[in-house]
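Please read through the structure below; I'll follow up with questions.
So that you can tell them apart, the chains are marked A, B, C, D, E and F in the order they are listed, and the count of residues begins at 1 in each.
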């Protein structure tokens, strides 16, 4: 039987407690979970690629089945290239749902061998998004409670 | 590493092409997929338990990793009892999402060792529900296009 | 060019100001609008079929292009039978949307020659549903403001 | 300035930790919060009216500004009768939203002097509904974690 | 009886198989369908206005009742100016619904003589949006399956 | 008993009839309603801060319990600083709901002493947003019907 590999793609600008929880829930479901930062040369990020990768590596340093990578171009192409049979996504609310549904449907049309599975975000983490965290950081709030325990972002 | 077992629970009154597609997509993700008919002595069904089981068994007869069972009581208790680490559910639209989110959250509160994963229904199958099929059957419509290929329901 | 006929099906138990407004908006779009009461022998109604038809006839008595009929069985079969190319439905909110989307998709699978078009309910009428009106009537409220002007229901 | 009175209506079959949390959040906003059980002679309840009232009274026994009552008929009429300027409702998800929006709009049409305010349910309580609890109780699950701390329901 | 003219407005950057399907479904409903590219001098487009018009003209070259135009300013003003009684819009999901509902309501407030009708996108086309296609084109994917058959975009 | 103060934050670019209606509904619920313009040095506005404040002051000049202010940084920090126990928000539709839910949850995590309450927008005002008004103004439409009665914006 072939290895079960899940790709968990994102910008991770920065990684949140929500992302961490999803990956930890995915570990028992797959042989390998690949957390991969999509590199987009146009989108302006708050944290450098190096910082974002470092945060992710620190978060999962005790989990040998979690690999951390980067990719360029379409997520679905990268999934095929690394032999991932599954793309893993979190759903927070019904607005997420409509968006993710379209992406998953398109990806399947492009490459039917890769399927997308969804985990519904733990409710106490559903409000946490990277974009909200960036707002909080700009506003000088303490975002530590919304970050993976292992990482520290000082304002 | 422990066996990866997914429970796919439902009434299956009757099983639809949508149910079939979900299970076929789940097969590569798990070592075993258990399709289980929840027996509810109060709810009036159109098809007998025996008919419903027969439809399901026929649908998956060529898939040795699919088991067909019945259960009584809470789905989450049955999942624990048979050692399933995962409950598998399909999401068709955002109304489904809100409902499934509550159920998944409750199940996790009751038994944190079992997680729920979701597949978004293929768009051309998203309109098919057992309850809609029952309406069509009552109205004398040909429901064959909405049923798994292997089964036949004659009006 | 063939006649443009729209079928507006429902239980109309009772017809509301919202139903009335939809039909009035549909009149300029079609050559004929057929308002048809689906007769369901199981569903318990508050108003008799005769009362419901009378309310509808009174509401549209000044509109010669509106016909009032009844039907049994599947709406889509009735549409085909009377030569309606279009089923007309109102959308009040996003919960309606998910439900109506499934029905329209099924109908198209059964009979591709009939399409469904949607009008979004006027916002000040979006809260009015027949089921809410029945609750209000049972509770002794004055529902006159929610009914077509031409009809009177006295508690 | 007139007294600020909020009516929190429901079936409370049974009261949940979610209901409790909403009322506790409403207490600082109002001079008086009236938790009132709507008595519906048709709807079959799991708990008797006396039990439901007892659970509510126990839950709020230390809060002198919370009154517990019953009412019959339309909620909006009862609100007017007891001089409540506000109806308090919880929102758990977007399906709730569409439903509550219609009710609030109708109530305002009937009695413009009473407004409805909404609190969004705490995320870790959003999955808890009385109907889900009743399912759990029937299935023999321990529902104690989902009940107000002061009350005990033994299976 | 006056001519029934529907305006189907958009950016069409580029036109998709989804747009094509909507117009084809609208043709039997109206005497004339005007597909019109809204020219927005600020918004940066991937395809030039000339390219976008050419794609649309090619798509509908066999349909004499489809006219292709451009407009500037508010869609509703353009509808009035060309004597269109109807604006035609597609609905893909419930997020679309909330947005389109607001636009339609505003348009009606500005010009009550123009109504908006909605067709729900065919499910297998619901994931296709121009913005998603642009992402795919940038990422080097083959978008041919998502375009009207008559047009070719080579990467 | 401490004073009940509600903060109604926003960009108000420009204030709409919808904003006005929400504040008027909030006045009987609170001792003081503070309408505050969040100053964001990055976001480009159509109206200057002075114009926006002037519009708001004019709108509520006859309501002594409404104060008009500005703030910088996070809304939740400003609420704490001015002693507001409540943040007031309007909900127009279910897309709003998902967004507002996240913000409210985050704010509560940061400062549990401030709660957020929601009023559902009057249906005939639900389509009006500042961003839609700006589009209309750019397109040369008459937006007077969507503005508070006391203010005039001439194109």
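Some observations on this one:
One rule holds in what follows: a residue touches a chain if its C-beta (ideal position, glycine included) is under 8 Å from a C-beta of that chain, and two chains touch if they have at least 3 such contacts.
If you're wondering where the values come from, they're calculated on a predicted model, not measured in any experiment.
Graph distance from chain C to chain E, where chains that touch are one step apart, equals 1. In the CA-based superposition of chain A onto chain D, the rotation angle is 180 degrees, rounded to steps of 5. Taking each chain's centre as the mean of its CA atoms, F is the chain most distant from chain B. Centroid analysis (C-alpha atoms only) places C farthest from chain A. Both copies, chain B and chain D, contribute mostly unmatched positions to the interface they share, with under half of the numbers common to the two.
Centroids of chain D and chain E (each the mean of its C-alpha atoms) stand 46 Å apart.
Per-chain Cα centroids separate chain E from chain F by 34 Å. Averaged Cα coordinates give chain C a centre that lies 38 Å from the centre of chain F.
Between chain A and chain B the centroid-to-centroid distance comes to 29 Å (mean Cα coordinates, whole Å). For chain D, the set of residues touching two or more other chains reads 93-95, 98, 101, 104-105, 123, 126-127. Screening every pair of chains for touch gives A-B, A-D, A-E, A-F, B-C, B-D, B-E, C-D, C-E, C-F, D-F, E-F.
On chain F, the positions that touch chain E within their shared complex are 92-96, 126-129, 132, 135-136, 139-142, 145-146. The part of chain C that touches chain B in the complex is made up of residues 73-74, 76-77, 94-95, 98-99, 101-103, 105-106, 109-110. Contacts from chain C toward chain E in the complex involve residues 4, 25, 28-29, 85-86, 91, 93-94, 97-98, 100-101, 104-105, 108, 115-120, 122-123.
Of all residues in chain B, only 93-94, 123-124, 126-127 touch chain E in the complex they form.
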